[in-house]
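Okay, so chain A shows up in both of these, paired with chain B first and chain C after.
Here is the complex of A and B:
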């Protein structure tokens, strides 16, 4: 007997259940697994040899580790903020993008979490930042940014994974009912937690899903501000500003949306999902990306204005970022994250696959350069001229960064292979509503 | 199509969730007690020594002062281990033929130190100064226990950071008057120290618990 699945979602359910996934998927997985191995190698190097393999040194104690942490957590924040907003607003776009937006957020949190742990230098003692009754009878230093990182990332990991998983439960049940092998049925069945689709189940599910989504909103704002405060609480002239959280949240949102757009365009094109992620969805995403890019642009102007108003050392610091050794980073950030997205004023660009990929990557790159510019350029001319040096990442740090990109890609590929990339129950719901109206 | 799961599966799943949670709690509780167990800190375990030196005999029965052998305890970070000359100041006269003292005699003859095994070894990142403690009224016994009753020298305290802090947070209760620092079996009294000294240490506890006091 075939389980009664609405014809609408058959195509989505067939993707993870099909026996063959083509050689392109395998090649992609092979490349990303190779990068994951590189990640393992560079992590082993920093564990067994020490942080000396990185280019960090006084005053640049925060190098690639913090740049990439701030970058990944920005993606996670942007994507989950976006997904949660769509759930709460019951917006039509959620049907198309929520599932992988939540997935992107979760995978990005995993990548982000790696950096602060290894940044500790003694990663095996990372649990010391957790307040537990230790024999050394000292609580973690709550004024330390390390403990903030711990709470930010763990909260983040819990809420984003919950949002993702709670949304997945009804779809896992569909997959359980449609799976052809006994093993697949059982595995999907266990994760579906005995879902039978009763009215009670749906009522509880809607409540749980919206509850988690409503938790995400304040938490994400707090977590991203926490990352920003790690800079703002220092005395470094360029970091010591109350506008820092705004900058991180807004550019993070742009970055999260751009990665969601990138994944949406790629999935739609590679899996032929035009029916679920339709032209309107992509168009709307493009407009949102453009809007957040404009906000980023406004914030760059605000940064200059705030520095001019403060004057003195603050203005010198931002002026140095714009003209000093690392000025290239600053201007690249503006070009990539503010100017290039202006392409999306054109409807043609919003609907083109190539332009979507291009702008999606470009904002990601732009925000990465922005984080680099803030963390390195901002610190370069501190109060002490005797420590005015330059920083450049070593091969090991670069490998670590590439490795996390590989990890992210590998997780995304496995997600596409084994889970429904578009929310089936939301699609069915939408279809019903359209018919009944 | 046959049912995928038996009716008992739901119960089994719920039981597993409860067991997993209980297991996590139990692991935490076990870790808590393991971290505080004597065996974890090597308490009461004697180390293999080149000479079967007996504190109970030398200090307990014969009444030799701690400082006779650990001569720098009042002046330096290290309490100091006796050179073979110190041992030979008596053992050139008594027990001259004892085979267990052979390492002492050869050390004396060759001018090479005896390789004692540390019983109270602190990690490298801890700065500990014997003189600072002993001259301020921390007795030998407070950290090393009743050495005068030990046939084999063993640890009696964990020497964990929490143990150090127990005293650093409130030193006055653990301090002795000067003449009682090297005695064993002394019963401390609440009013051992003058009031102004106790006030001083209450205020000093902030300085004494600063990270760089011990981690330099």
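Here is the complex of A and C:
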């Protein structure tokens, strides 16, 4: 007779090891690959022609590039924070959700990293921000926030991928042991690094995994704050506020959680993983999304209160964002990222696939509008009336944004296809605990 | 039995059986033991006295070194080697140097954790004698293994084999050493 632990391994391992994956997966991959090609095209355009293909101009030196950068970083941070908290809490939920939350975070960082590099205008010289002994004998100016970005993004990408990979090692070994073809065995074997499941392996692995999770917590707060500081240290009235980091961290968290919820609901439905991502998990995620949406709501009020207290130009700036050319974005952001998630007060909504997808996308869109409103709407009311004008993205910028969404989706689809989306060793452990209790 | 052995391995069906077998082997005086399981077994780790305190220390020291290097290099580059006066602001503006100092400390600590993990476990390696044991692939599924290494001062193939048989395992096998 087969022990139940074996059944778990087989059910999840079957997904990456099966020979074919159905036409839906292929169609999804085809669409997202198409978008990746669009990304390549728009990146080539900006590289060979220059940033003139974008709609940015003084004062809007930051357009879609920074909006999307801040947006993707928000997703990465929210998802990382969620995954790391689950690892540290040893909560049952982590067995199911933390693995792909880590994946979501990692892929979002990759998408985010594209923007600041191409935003430089001469992306092939991006290494100039790194302090290397150049022939000109000059060094980067570390008192500028833009050099912080270099360290923040590269560290964020490395540490997020570490958390993901360290957690994956034992499962890669499982796939190696269960692979049917020699090639799959070899590939998984190399990435499993010779994992044997020895007592020493497990003990050190668990310690290291938790330690990296602990490191992720301060990292994401600093990372998102660094993004926010880039705004706060400027003299633009709407940005020059110490509350910026808080606003970016909190709304980013809501956004990351909502994307994790979206992916969880979609995975559960498409791969029939109801047993591993159960109703309770989705319910808890829904509650977390609701809670963070409430915090976002509080921060929108705080923004108004802070501006009223400062008065003068700061109040004028926020008032302009609420009523000016881009007021639609401001109000849509509030409706999408604060009001619509209130649906989740109902248990029925938290457990429905459609509501999960709807609210997940709604917060994602809402926070994107919020970033647009801050970056473009905020810049509109600078101290110099002579630069008051409007900004709209060109086709090339829109293509770039759609392209990163395609890249994210493609990476996620490949992840689902070739790696276990649910931690197998944790599931084995949990089933065993259940059996013995 | 002429070929050299890496050890003798017994296979068990439940974690409890493995834990009891490890305890019995310790009592019998064996010291070079290793246990293999599909998920972490903290009780077995306790019996075998596995200590993992090195990991946080590695991370802590690496983090401090990373922070010192990052702050030091920013200070040296911007205040000593290539000072630029920006509106009379101080050259050594420590608040501006702090964010990347903290970030790089985390980077060093994270990388050192993974590299330390691999170094301590002597990974990566492409092959290991235990992989040659038929059925060992179930160590990542539903089977639990105990191996008495031939390095053990008490090790004697026949005796170790007989001893493992007394622990009511599912089967006992020799682990050939690989050249």
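Simple rule for what comes next: the second predicted complex is superposed on the first by the 432 of 437 C-alpha atoms of A that agree within 3 Å, B and C clash if a C-alpha of one lies under 4 Å from a C-alpha of the other, contacts with A are read in each partner's own complex, and residues count from 1 in each chain.
The criterion applied here is as follows: a contact is a pair of C-beta atoms (placed from the backbone, for glycine too) under 8 Å apart; a residue touches a chain by one contact, two chains touch by 3 or more.
Worth saying up front: this structure is predicted, and the values here are computed from it rather than measured.
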Touching partner for A:174 - first (chain B), second (chain C), both, neither: second
Partner, of chain C and chain B, that touches more residues belonging to chain A: C
Chain B versus chain C as contact partner of A:137, first or second or both or neither: both
First, second, both or neither for A:262, with chain B first and chain C second: neither
Partner chain in contact with A:222 - chain B first, chain C second, else both or neither: second
First (chain B), second (chain C), both or neither touched by A:428: second
A:158 touches, of chain B and chain C: first, second, both or neither? second
Touching partner for A:189 - first (chain B), second (chain C), both, neither: both
Chain A residues contacted in one complex by chain B, in the other by chain C: 137-138, 176, 189-190, 193-194
Chain C residues within the chain A interface of the complex: 13, 15-16, 34-42, 44-45, 48, 50, 52, 55-56, 59, 70, 73-74, 77-78, 81-82, 84, 86, 89, 93, 96-97, 99-100, 102-104, 106-107, 109-111, 113-114, 116-118, 120-121, 123-128, 130-131, 137-142
Contact set on chain A toward chain B in their complex: 1, 133-138, 176, 185-186, 189-190, 193-194
Residues of chain A that touch chain C when the two form their complex: 2-3, 5-6, 9, 131, 137-144, 147-148, 151-152, 154-155, 158-159, 162, 165-166, 170, 173-174, 176-178, 189-190, 193-208, 211-212, 215, 218-219, 222-223, 225-226, 229, 425-426, 428-429, 432, 436
Residue numbers on chain B that touch chain A, as the complex places them: 1, 4-5, 9-10, 13, 32, 35-36, 158, 160-162, 165-166
